[in-house]
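Given below, in the form of C-alpha cells, are the structures.
You will see chain A twice below: alongside chain B first, and alongside chain C after that.
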Partner chain A sequence: MLAFALRRILVAVSVALTVSVASFVLLHLSGDIATAIAGPEAIGEQIAAIRAQHGLDRPLIVQYAAWAWRALHLDFGRSFYFPEHVTDLVAARMPVTLTLGVIALAVALLVAIPLGVLAAFHRDTWLDRAALAVSVLGQAMPSFWFGLTLILIFSVNLRWLPVSGNATWKHFVLPAVALGYYAMPAVMRLTRNGMLEVLSSDYVRTARAKGLAPRKILVRHALRNAVIPVIALAAVQFGFMLGGSIVIEAVFSLQGLGQLAWESIARNDFPVVQAIVLVLAMIYIALTLAADLLNALLDPRLRT
Partner chain B sequence: MPIRIDAGRVRVGTMRGMGALLAGLLLAGLAGPALAAKANDTLVYASDSEPENLSPYHNSVREGVILARNVWDTLIHRDPKTGEHQPQLATAWTWVDPVTLDLTIREGVTFHNGDPLTPEDVAFTFNYVLTPEAKIVTKGNVDWMKATEVTGPHSVRIHLKAPFPAALEYLSGPTPIFPAAYFKKVGLDGFSKAPVGTGPYRIVAVESGKGVRMVRNDKYWPGSPLGRPKIGKLEFRVIPDGDSRMAELMTGGVDWIWRVPTDQAEQLKNDPTLTVLSAETMRVGFLQFDVQGRAMENSPIKDARVRRAIFHAIDRKAMVDNLVRGGARVMNAACFIDQFGCTDAGVPAYAYDPAKARALLKEAGYPNGFEIDLAAYRERDYAEAVIGYLRAVGIRAKLNYLRYAAFRDALRGGKTSIGFQTWGSFSINDVSAFTGIYFRGGEEDLARDPAVIATLQAGDTGSDPAARKAKYAEALARIAGEAYVVPMFSYPSNYAFSRDLAFTAQADEVPRFYAASWK
Partner chain C sequence: MSEPVVQIRNLTLALPAGADRPHAVEDLSLDLVPGKILCVVGESGSGKSMSAYALTGLLPRALRIAGGEIRFEGRDLLRLDERAWRELRGRRIAMIFQEPMTALNPVMRIGDQIAEMFEAHDLLTQKERRERAVALAREVGLPTPEQIVRSYPHQLSGGQRQRAMIAMALALEPAILVADEPTTALDVTTQAQILKLIRDLQQRRNMAVLFITHDFGVVADIADHVAVLQRGRLVESGPAEAVLRSPQAAYTRALLAAVPSLTPPPREPITAAPVALSVANLAKTYATRTGLFGKPRVVAAVREVGFDLRRGETLGLVGESGSGKSTTARLAIRLIEPDRGTVRLGSLDFTALGPTSLRDERRRIQMIFQDPFASLNPRRTVEQIIAGGPIAHGTPARQARARARELLDLVGLPPSAAERYPNAFSGGQRQRIGIARALAMEPDVLVADEAVSALDVSVQAQVLALLEDLKQRLGIAMLFITHDLRVAATICDRIAVMHRGEIVEMNRTEALFRAPEHPYTRSLLAAVPGALFAGTA
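And now, the complex of A and B:
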C-alpha cells in the first residue's frame, strides 16, 4: 500500500508541476506583461522601467522559479483590473464555489445512487427506463436553460426560493440542483452498472443461497462494492463542478470563482486567470489522488 | 386568491392555485433577507457590470457614474431640466480671464467621515487626478485644467491650459471632490474599498462582485440643489444575466432595473406590480474604425472609400424602427444631436444604398469584399445586425464580443479593425464631451487627423459661442466626410421598476436615486 501511495503521490506532484508550467506560460503567451501593467498610454521608457522593476527582463526559467516560489506561498501578485491582490480576490470567491460544489455533489449523489440501485434492481422495467430518461435529459439539457427554468418555476411562479445572490442557504438550492443534475446521469449509470455486475457475482449468489434477507445483501454486500467506482467518479465530478459552474454562477449571480474566471478572461486580467487555473487544478489533483488512495483502501486488488 | 409573498409584504399577482398559496404562506416565515422594497425603506437597483474601482476618476462604466452622482458632490450643479448652472460645493464663481476661474467654496459641508470640506480638498483632488501616477481613466474630463491653488480660507483658483468655455459643464459632472486627508491616509486602494464623499448617500459596504450598499447621509448639507434623499437605504447589486435581473424584479428581489431589451419591456408592461418607462438617452452608438490600420496588414479600413461603403451598407433607419425602438433617433454627426455644438447641418449624410457600397468597394480594389473582425461589448443583436448588413455587400465580419475594459483596450491598442462603440458623453451637454474623447488626438482617437484636432481645439477654446459652433460644424463635417466613424443612433433606455417607486428618468442616463421616493 505504501509503495502504491508513494507512486500515486509522485504522479500527482509531476502533474502539478506540469500544470504550474502551463499556467505560467499562459500569462506570457497573453502578450507583454510590462505593457499590460503599464496601461494603454504608457510610453517606452515607462514600460522598460516596469519591466526592470518586476524582473520581467530576466530569463524565463528564473522568472518561473521566482513565480512558482511565490505561488507556493500563495502570492499571485496583483490583479490588472481590481485594485486588489489576486490571493485576496480568489480567497473571497472560493467559499461560494466550494459551497455550491459540495451541495451540488450531495444532491447528485443522494438522488443518483438510490436511482441507480433501483434501476439495477428493477432492470428492464418501466422504472429502469424512467431512470434512464431522467439521466439522458440531464445530459441533453443546456445548464443555463435548466437554471432559468428552475428560476421560472420556483422563484417567479411559486415564489419559494430567491432568484440570485448567495446571502442564505436558500440561495444555493436552485443552483445546486441545476449543477448537481448535470453530474447525476454519470453517477446513476455507474451505480446501476456496478450493481448489475455485483448482483450477478458469485459472492452475492452465495449470500442469497445462505438465505440472507435481500435488503441485507443489497446494503452490506452489493452496494459497498458497487459504489467503489462511484467514489472515484464523484471526486472527478466535484472537480468538474468547481471549474464548470461558470454558467450556473452567471445565471444565479453567485460571485464564485467560475464567474471571476470568466470575467477575468474577458478583461485580460491574466494574473487572476492564472491563479484560478492553478488553484482549481491543484484541488482537482488532490481530489483524484484522494480518490485513488481511498479506492485502494477499499479494494485491495487495486494496490498493485 | 391572487397572492405574492416575500419578506414583509403581500402583493397582488395572478391566480396560481391553492397549493401555491399554502406553500407561499409556509415559506414566508422562512424567507431570507429579501431586502428590497418599500417596507424596509431599501431601494435595490441592479445592473450587469461593476466598476473596477469605485473612485469615479478610476472607472468609465455607467454604474460608476451612478454611484458618483449619488455619493459625491461636485462644485457646480447642472439642473437637468433647465440646463442652468447652480451653486453646489462652490457658492460662487467668476472668470478672471479665459484661463483663470475663481471659486468660493461652501462652508459647513462635511464629508461622510466627519472631515469638514475645505478648499484644500478641492485643490488636492484636481491636482492629484492630473498627476500621471494617479493613472486615472477619465483623463478627457480633467485635462483642460493645469493646476488648482488655494487662494484663501474659502476660495480656490483653477488655472486652465487654454480657454475652455465648457469648463462649468465639466465641473458639474464628472469631477467629484475627494477628502484630501482621508485619501492621503488610505491611498487609492483603501479609498476604492471604503469611499468617502459629501453626497446624499454614504457608502457603508463594498462587496467585490456583489455590489455596494449605501445609506442616506443624514448630515447632508441643507440647501443642496439635489435635495435631501427620501429613501433611507440604497443598494446596488451586480447581476450579470439579463433574464435573472428580470426574474429578480418580478419577484421583488430588486426594485429597479434598466437597459431592458425592448421585447422584454413590452412583456413587463403586463405585470401590474411594475412600471415600465422608455426614454431616449444621450448615449450614441457608433462604429469606430482602426483608421491607421494597426490591427491587420494592408487593412482595407485605411481606405476612406471602404469606410464610406460601410456607411452606405447599413440601414440605420430600419435598425432604429425594428430593433432599437423606444424613442431612438438616427445620428448623422459624431455626437448627440442635442449637445451644444452638435449639428448635422453641412455634415454629409450617407443614405442606405448597398449598390453604392458595392461600387465603392470595387473602386477601392475589393470587388469580392474582404474578411475583417468587429468587436462589440453591449447589445449583441445590434452588432449582429450590422454584420448582416456588411455581409450583404460582401464584407465578412467576424464578431468578437468582449467585456468593456477588454473591448476598450482592443480598440486603443489597435487590435481590432471595427468596434461597435457607444458613448454617453459622461452626461455632459457639450459636444466637446464627445468629440474631445474620440477625435482630439487622445488615446481613444483612432483617426488622429491633424486637421480635425486643430479645428476641435479651436472650438473647445473659443470664447464666442457662434464661432465655437462654426468650428465644431467644420470638424463634424470632416469626420463624416472621411468616415472616421459611422454614427448609428441614440440609445433608448427601458427602465422597469416597482410600482411603489416614484422615479423619473433623464436623458443624460444618470438615475438620480436621491430624488426617488416611495409612493
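And now, the complex of A and C:
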C-alpha cells in the first residue's frame, strides 16, 4: 500500500509540473503581455519599460523558473487591474467556491447513492422509473435555468431563501442544489448499475448462503463493492463543479472564483487567470489522487 | 443404512412462462443420508443446480415452487420464511459453489469471510471467531493459516480459494453440505485434492452431501449414491457402483458411453504425410510492470517449444492452467508475436511475414475457440459469419455463400441455419458453426483451443466425432489444446504435455498413456477423476 501511494503521489507531482508548464506557456502564447498591461495608448518606450519591470525580457525558461518558484510560495504577483496581490484576491474568493462545491457534492451524493441503491433494489418498478426520470431531468435542464426556477419558487414566491449573495449559509442552499443536481444523474446511474451487478454476483449469493442478515449483505458485500467506481466519478464531478460553478455563481451573484475568473478574462488580468487555472488544476490533481488512494484502501486488488 | 436426514419428495419447480419447458424440476424425490455423498448428475439444463438451490432456499426469483416438500429436522423447508431460512443457512445447511474466484468477496480478507459465518449466527466473540478462522483454514489444508487468513481472494490460487470456501461452509458444522460443481473450474491435480478433502471432511463429520456435477469421472471418485437427471426428471438413482456398472435407464447408458475413455483407440502413426506446421524454439516472456515505476515481474509463458505437425495428424497440447498451451496456440497463429523461434506453414516462414502478407497467409491456419457463445458475433447471421472470411480474402460473395451452405451440411447443420443468428443455436450447434467458419478459409492447419471444454459430454462426443471425421476427409492438420486427458486420448494421434511453459513429454497417444515417462505426466494421469471406472465403461 505504501509503495502504491508513493508511486501514485509521484505521478500526481509530475502531472502538476506538466500543468504548471502548460498554463505558463499558454498565457505567453496568448499575446504580448507587456502590451496588454500597458494598454492601448501606450507608446513603445513605455511598453519596453513595463517589459523590463516585469522581467518579461528574460528567456522563457528563466521566467518560468522564477514564476514557478514564487507560485510554490503562493506568490502569483500583482493583479494588473486590482491593487491587491493575486494571492489575496484568490484567497478571498476561494472559500465561497469551495463551500458551494462541497455542499453541492454532498447534495449530489446524498441524493444519488440512496436513489441508485433503491432503483437497483426495485429494478423495473415505478421507483426505478421515477429515479431515472429525476436523473434524466437533471441532465437535460440547463443549470442556469434550473437555478432561476429555484429562485422564482423559493425566493420570490415562497420567500424562504435569499435571492443572491453569500452572506449566510442560507445563501448557499439554492446554488448548491442547482449545482449538485447537475452532477447527480451520472453518480446515480453508476451506483444503480454497480448495485445491479453486485447484487447478482456470486459473493452476494455466498453471503446469503451464510445466513447473513440482509442489511449486512447490503452494506458489507454489495455497497462496498458497488461504490468503488463511484468514488472516482465523484472526484471528477467535484472538479467539474469547482471549475464549472461559474454559471451558477453568475446566476446567484456569488462572489466566488468563477466570477473572478470570468471578470479577469474580460479585463486581460493574466496573473489572476493564470493563478485560478493553476489552483483549480492543483485541486483537481489532489482530488483524483485522493480518490485513487481511497479506492486502493477499499479494493486490495488495486494496491499492486 | 442410517435414516435419511433430508427427504425431498415430489419436488416440482415451475419455470416462468415462455421457457422451453414448464418445469425446471419435476416430481423429484431424493434422500440425503448422514455420512454419504449423493451425486446429482446431468447435462446443462437438467435442473440439477436448481434442485440444489431449492435445498438452500436460494432459488432464483423467476422459479416458483409448484409442489412437493423437502423434509429436514421435522420441517418442510419449502414453507420456511426468509427469517427461518437465515437461521438454517450456514448453520445447518452449507453450500459451496463452482467459481471460487467470484464466490468470495474480492475486497474482504479470507479470515474475515470465514469469521463472518459465526457473526451471521451471533456466535462467539470477535477474538474466538478469528481463532476459529485460523483453525478452520488449517483443517482444510491451507498453507500458513495464520498468514493466509489475512490475505485477499485474488492472492490465492483457485484451489486455495475453494479450500477457503470449504472452510467457511464447515465453520458451523452443518448437517448438510450442498456442493454445486465445486471442482469444475479447477485443474485436474487440484480437483483430485479438493475431492479428497471433501470426502475426508464429510466422513469425519458425518455430513450428508448433495454433490452436483456433470462429470462421471468425479461421480466415480466420490459418490455413494447417484441420481441422474434429464430435463428436470429423475431417470435413474441408486448406489454409485450399480449405476456406473450396470445402468438401467437408456439415458444413463448413453451418458456413460459418451464419456471419453482413458484408453486411447489404436492409431496408425503418421510419418509419411508432409509437415503442415513446424514450430521451433518458440519463446514468449511476459513482463508485467506493476505501475509506472514498479519492478517488472517476468513470466516465461512459453520456452523453447518445438514440434512438427503433419497433414492428417492431430497433436494434443495438454497441461494445466498457466502451462503455456494457449499461449503456444496464439503464437502459432501469430495472434501474439513470439520473442524468439519460428513457425513454418509447410515451407513458408510464417513468423517472417509482414502485415500484408500475414493477412493473406493467415487463411492457412485457422482457430476454433473455446466459448461457443462469446466467439460468434450475435448481430451477424450464420451465413455472414461463415462467408465473411472468404469474402474478405477476395472470394466472390455468391460463391462464398454457396460454400457456406455446403459447410453447414458438412458440420451437420441444416441449410436453413444460414439465415439465423447465433442465439438460435445450442452450445454444440454453435461450436459446429465455429468449425464451419474455420473451414471456410480452407486452412491447412486447424487450431482448436479447448474447443469442446464448454460442452456437455454427449454433445462433446458428437463434436469430437465431427472433428475426427473432418480431419480424415480433408486431411487437415490439427493442433488440439485441452486440459482434459480423456478428450486428448480420444482424438489425438500424438500428445505433447506442457508444464510451466515447456513441453516435458511428447509421444504417441497410446504410448504416452501406457508408459508415461515424465513424473509430471504421471501425476496428471493419476489425477484424472474416475481413473478406475475408465476401464469398465
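Everything below uses one rule, namely that the second predicted complex is superposed on the first by the 304 of 304 C-alpha atoms of A that agree within 3 Å, B and C clash if a C-alpha of one lies under 4 Å from a C-alpha of the other, contacts with A are read in each partner's own complex, and residues count from 1 in each chain.
Following the convention adopted for this analysis, contacts are C-beta pairs under 8 Å (C-beta built on N, C-alpha and C of every residue); 3 or more make two chains touch, one makes a residue touch a chain.
These numbers were taken from a predicted model, which means no experiment stands behind them.
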### Message
Contacts for A:Val163 in the overlay, against chain B (first) and chain C (second): which applies, first, second, both or neither?
### Response
first
### Task
Have a look at where A:Phe82 lands relative to chain B and chain C in the superposition and call it first, second, both or neither.
first
### Query
Given the touch rule stated above, what does A:Ser155 touch, chain B (first), chain C (second), both, or neither?
first
#### Entry: Greater chain A contact set [chain C / chain B]
B
### Message
Contact-wise, after the overlay, does A:Thr206 reach chain B, chain C, both or neither (first, second, both, neither)?
### Response
second
### Query
Between chain B (first) and chain C (second), which, if any, makes contact with A:Arg267: first, second, both or neither?
first
### Task
For A:Pro114, select first, second, both or neither according to whether it touches chain B, chain C, the two together, or no partner.
neither
### Message
Quick check on the superposed pair: does A:Phe252 touch chain B, chain C, both, or neither? Answer first, second, both or neither.
### Response
first
### Task
Enumerate the contact residues on chain B facing chain A in the complex.
4-6, 16, 20, 23-24, 27, 30-34, 52-53, 58, 135, 188-189, 192-193, 207-210, 237-241, 243-244, 247-248, 250-251, 253, 402-403, 405-406, 409, 412-413, 443
#### Entry: Contact set on chain A toward chain B in their complex
39-41, 81-84, 89, 92-93, 148, 151-152, 155-160, 162-168, 170-171, 250-253, 255, 259-260, 263, 266-268
### Summary
So, in the complex, the side of chain A touching chain C is made of residues 3-4, 7, 10-11, 201-203, 205-213, 216, 220-221, 224-225, 228, 298-301, 304
### Query
What residues of chain C sit close enough to touch chain A in their complex?
56, 58, 85-91, 94-95, 97, 99, 102-108, 116-117, 119-121, 152, 154, 165, 168, 290-294
